[in-house]
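See the structures that follow.
Below are two complexes that have subunit A in common, paired first with subunit B and then with subunit C.
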Partner chain A sequence: MSFGDTVIAVLNGLPVSALRSATPLLFVTLGETLTQRVGIINLGVEGQMLVGAITGFAVTITFGNPWMGLLLGGVAGLVLSSIHAFLCLACGSSQIASGIGVWILGSGLSAFFGRAFVGEKIEQGFRTLDLPRLALVPVLGPLITEMTPVIGIAIILSPLLGLWLYRSPTGLTWRAVGESTTVSRAMGINSLWIQCQGIMAGGFLSGIGGAALSVDYTLTWAEGMTVGRGLVAVGLVIVARWNPYLVMPVALLFGGSEALALRLQAAGAPISPYLMGTLPYLVALVVLVINYGQVRQTGGMPEGLRSVFSHTV
Partner chain B sequence: MRDPKRQSIVQLQGISKRFGALIANDQVSLDIAPGEVLALLGENGAGKSTLMKILYGFYQADAGRILIEGQPVTIDSPHTAMRLGIAMVFQQFSLIENLTVAENLMLASAKAPRGVWVNRTHWVKSHSRLSELAPSIQPTNLIRNLAVGEKQLVELVKALDADARVVILDEPTSVLTPIETQRFWMLIRQLADQGHAVVFITHKLEDVRACADCTAVMRKGRVVDMSPARDRTAKELVYMMVGRENLAIVNPVPPSPAYPRLQIQNLSADSDASSRSSASTIRNVNLAIAAGEIVGIAGVAGNGQQLFADVLAGLLPSVQGTMLLDGTLLHRAGKSSRQDIAYIPEQPLQNGVAAELDLVANLWAKKIGKMAFFPLRAKQRTHAARLIHAFDVQPPDPTLKAVNLSGGNLQKLVLARELSDSPSLIIACYPTMGLDIAATQFVYEKLFQHAQSRACIVWISESLDDLLQYSHRIAVLFRGEVVGVVETSTANRHQLGQWMTGGREVA
Partner chain C sequence: MHPKRFRISALLAAIVTFVVVACSPTPSIQTEELSPTNSSAQKIGYIYVGPQTDMGYNYSMDLGRQYVEANFEGVETTYFDNIPETADVARVMERLIQEDHKIIFATSYGYLDYAIEVGNQYPDVRILHAGGLKTSDTVGTYWADSDDAMYLAGMVAGSVTQTNRLGFIGAFQIPQILRTINAFTLGAQSINPNITTTVVWTGAWLDPAKEAEAANSLIDSDIDVIAGQVDSPLTYSETAEKRGVYVIGKDVDISDRVPQAWLTGASWNWGPMMTQLVEEINAGTWEPTHVRGSLKGGDVVLDPFGAAVSEATKEQVLAEKEAIISGEKVVWEGPLVKQDDTVAVPGGKAMEIDEIETMDYLIKGVIGPAS
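Let's turn to the complex of A and B:
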């Protein structure tokens, strides 16, 4: 195989695999963006993703319905995140500690209930668009034919949430709460309830993200299969500057570099696979540096997040 | 103006309120009439704010009642107050800095439309009083990009959008520049002429002169006088506020031999927008200050005063130039800051104290370089107690966190720390901001004392009156350059005004 062939082989399916690998991340990052927008940081997303992934996988295997798996995966994430909501909002515990607690709890629970499902494979996943004629169109062809409904939802969700956050009255309330709970309370907003909603919305979306991973992407379950994607999402929220519109390109960039690393490896590029695995993280770091070089400030961080770190734990 | 048949909109009758042992309000009665500006005067801690916070539902009175248009009402929360048409604008604004003006106004308004496609700018222009009261403020501006005076206007618009009939303003002019203040007075008159009742809490007599119809003076929790503004002279008002006939007005002592102790040569510096002040620059500042001399730095806010003070205090680096004190370099790179420089920064809560630490730690902070490895807490405590007493910080509890002090007392706390030793250079940025008459005089007294013991004093202020009365020389900063220096005795306002506006004729 000549070098040219290799390049073509690597690049040809890249857009599709980038999209596929970005989809779970897109859900989770959007969810965490919402949570952080109301002034709460939730490090438990990793655990919520895992719980979502195993729930989604188990439901899909048992009932043969991937839609149900996706939905219940989201619900599982929501339930787990409500522990975070209870600990931070009702008990006033440290958000960092509570988040880490939720994370560890989630990975433990998912490992425990997942033992029965190791080695199984989903036969009836989401169906892709079956249009053989479209597949012949060069770049767009494989993109459209391999598109699953989950990917479609993820793509639509990003601008939809952006529109909601920046243009709707409820979105405005959420942003106000994230900036200052005292001021919003003075305006008659129930800031505690909004923050609770923010955490649960984040939990639901991270659960869906986890389910998308197991039900739509890998079609299998493995313990700890998210391999840090939840924490990556927390980072990507910062890269996307708490802006749902920007979450899409950021997640795609990350997913794209992940897919690129995998494809380079498959094509036999003479680089250590371990080194290659760091590519997405390097890209994210570079984006962060460039990004902040330009903004030179907090880059749109909700003011309320500051208090997470300024109060002594 | 004030006939007995005058219809009050709000009547407070026999209001009493105590906080522990402190009686904040003692049987206070007050009438507020529509179409009138009522100046509520009094020293810090006279109970003005408490009384108004009771009307605003922030506190509940222990005794007494509130009548609105003759009907007794219970005001149990600010929410209820707003429903009854009472709004209060505090010194600390309740605006969200990272949202736009339009968004803040919409958040506060119950009438704001709920659609996704609403054009917010358009809504604000047609449904809010922003364009009427402050046409120069763009609805799309972020609050954090506004000047203090503009923020205050947005606050006021917010209150009026909620159909407030009674507007209470808590020392509104203490944060404004002279020009903003004048505009604000006009606006207040305009509101009163439209039939609003305005209560103006203040301790500045110029506020009374400029726009009050009626004055009420409070002292130690009681209203000691209530009369039409034109019936009272400034002197009478001061007497009633302070309770002493002649407050000794101190005067500066001329500086000792006129050789320069502090020499600033060709000083230039830049700060970008990422530091705490907005982007500014100073260019080729030359200034020599004699021992015991008080040099006032005048200028419109934002012409480099903040940067100049920071550089002088060694907080920011200079680009070029030298600063010599007694012939030696004032700051050397890598050296910790000198003990004998006293710096009273602008906005003490952000720049002058560790907000979450107690008063003991805050007052000791200056001595941190000399602190023992195992410091004696008792020693720090006595030190703190002594300073708190000397500078009359209220409440006098050394274990309180700094963030819990009111604005004026926070200022006193910083003053106590900075002015208690024997500094050789004092850099004071608006040192009397938020202080009442007695405390202000005390600050000047302290400055003069230090001047007499040969300290150099750089005093940044926007009030020409104060500078002309209490400083020896005045230097004017315009766009980061010293455009003129003049002996106070020979200074004239017109000339200073021209320098401050860059040589243009003052309107």
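Let's turn to the complex of A and C:
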């Protein structure tokens, strides 16, 4: 292949593969953004993702309905995150320790119940538009024909949550709680309940992210299949400055560079795969550094999050 | 925080920790106990780098364990899975030894140095390492050469492909995988010398998201047969099935999962080899050597053909299989030309086992870096 062909081969399907690999991350990062917006950090997202992935996979196989799988995957994430809510809010335990507990619990539970489902096959997954002629149109063709409903939902969700958070009264309440629970309590807001909702919304979305990974993206279940994507999401929240609008480009940038690294190899580019494997992290780091220069270290960080690190249990 | 509240949360944290420990099977220990428990039973330990039920490499090793247990009266096996290739594995080996396991199968490539280290401390223990290149007084290695089967699978792929472009998804650039790619490509090129194999490295034994995207990337660049060697062939096979291209399996036969995409595959059959090793150790005839199985010995199996493979191709491949088994056809025989056109093995020369096992290059026709 000539150089031009290589570039075309890499770029042609890049938008859709960036979207595809960003979709699970998008859900999880949005969820963690909501959680952190109410002043809580939840490191358990990795475990919630795994629980969501196995529940979604198991439900889809058992009932033959991927929508149900996606939904119940989210519910499983929510249930697991309620442990974090209980420990942090009702017992006042350290958010970091509780999050790690939830993470390990989630990976253990998913591995334990997942054993029965290894090697099972999803017969009825989400459909893509089956239009072989359209696929021949460069860039736009693959984007449309390989799009699944889950990717569509992920795209819409980011601006929707942004609108909700910045333009609705409830969004304002959530942001107020995230800035200071003391002040919001004085204003008559039930901050504990809002924080509980924030954690559970994050749990639900991370469960959906996990289910998107197993039910839609890979069509398989494997123990520990998220391989750190939940923790990456916690990091991406910071890169996106706790802003749901920015989660979309940040997740796309990360997912896109992960896809690009693989596509460059598939196109035969003679670059070390180890170097290319660092590309997504490098890109995220560069964005963070550029951001740092512009808005200082903690620009956009909810004030309430400071307390997580300033005093320990 | 009030001291009293702290006590409650500490108690709850303790409970959660207990639940976590009680529920968490990662890493897990499972003892298949005979009933009634026989304390004099011979104990054999197994260590896997990934999940026991991964439908891939580790599962193939576990099938071997089950075979051993079924074949010996009074043998008890224990396995640990998800053990990383770090000092952790040394601790697991010591634990197994303390629990009276005199034979340990260390089934991952990176366990070798730890196996030798631990083996030096316990002269009455025998550790059998999968695919290593070193031995010691107490450590021997076992492996089976899947290259012959991959060569035959390559022939099938070469016959089916329309675009003359094959894809391969590999985890790491280690000799075991490089030679698999080379054998696969040689097989395909024996059908049509113009066929190329494009390699995508994922940098992980198990990362389903990356495997799916690697398969998608390959399919998007006009590749219509995908092979691979990662922990499990499941994910890239599912992606191939979804996108309507063909797939070559590895490690475990998953033909029933992907009926349209399936062409054939190269599976392991570790049971008989493991049984023989245990027998030799028990009889006192065991020597710390490199035991190597083959297609001929039945340690590697060419999986059943899929619907897309024509009768003519089946006949041709099966004839070549007979030739390999009879020794008429040798896969690792020159000429072998590297990617940069230098000659790796001159024409007519058969390669030695250590030359094959330390292969650090890819042959001409393979697209992608070997290091």
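Here is the rule we go by: the second predicted complex is superposed on the first by the 305 of 313 C-alpha atoms of A that agree within 3 Å, B and C clash if a C-alpha of one lies under 4 Å from a C-alpha of the other, contacts with A are read in each partner's own complex, and residues count from 1 in each chain.
Methods note: a contact is a pair of C-beta atoms (placed from the backbone, for glycine too) under 8 Å apart; a residue touches a chain by one contact, two chains touch by 3 or more.
Please read all numbers here as calculations on a predicted model, not as lab measurements.
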item: Partners on subunit A (subunit B, subunit C) - clash or fit; value: fit
item: Touching partner for A:273 - first (subunit B), second (subunit C), both, neither; value: second
item: Which of subunit B and subunit C A:174 touches, first, second, both or neither; value: neither
item: First, second, both or neither for A:57, with subunit B first and subunit C second; value: neither
item: First, second, both or neither for A:27, with subunit B first and subunit C second; value: neither
item: First (subunit B), second (subunit C), both or neither touched by A:105; value: second
item: In the superposition, subunit B vs subunit C on subunit A residues touched; value: C
item: A:219 touches, of subunit B and subunit C: first, second, both or neither?; value: second
item: Partner chain(s) touched by A:126 [first = subunit B, second = subunit C, both, neither]; value: neither
item: Minimum C-alpha spacing, chains overlaid - subunit B and subunit C, in Å; value: 12
item: Contacting residues of subunit B [partner subunit A, same complex]; value: 78-79, 94-99, 103, 106-108, 112-114, 116-118, 273-274, 356
item: Residues of subunit C touching subunit A in the complex; value: 1, 5-6, 8-10, 12-13, 16-17, 19-20, 23-26, 28, 50-55, 59, 82, 167, 173, 198-204, 206-214, 216-218, 220-223, 231-232, 234-235, 238-239, 242, 254, 257, 367-369, 371
item: Of subunit A, residues touching subunit B in the complex; value: 163-164, 167-169, 172-173, 175-176, 179-180, 182-184, 186-189, 296-297, 300, 302-303, 310, 312
item: Touching residues (chain side subunit A, partner subunit C) in the complex; value: 9, 12-13, 17, 20-21, 24, 83, 87, 91-93, 97-98, 101, 104-105, 107-109, 111-112, 115, 118-119, 121-122, 125, 142, 213-214, 217-220, 222-225, 227, 229, 258-259, 262-263, 265-268, 270-274, 277, 313
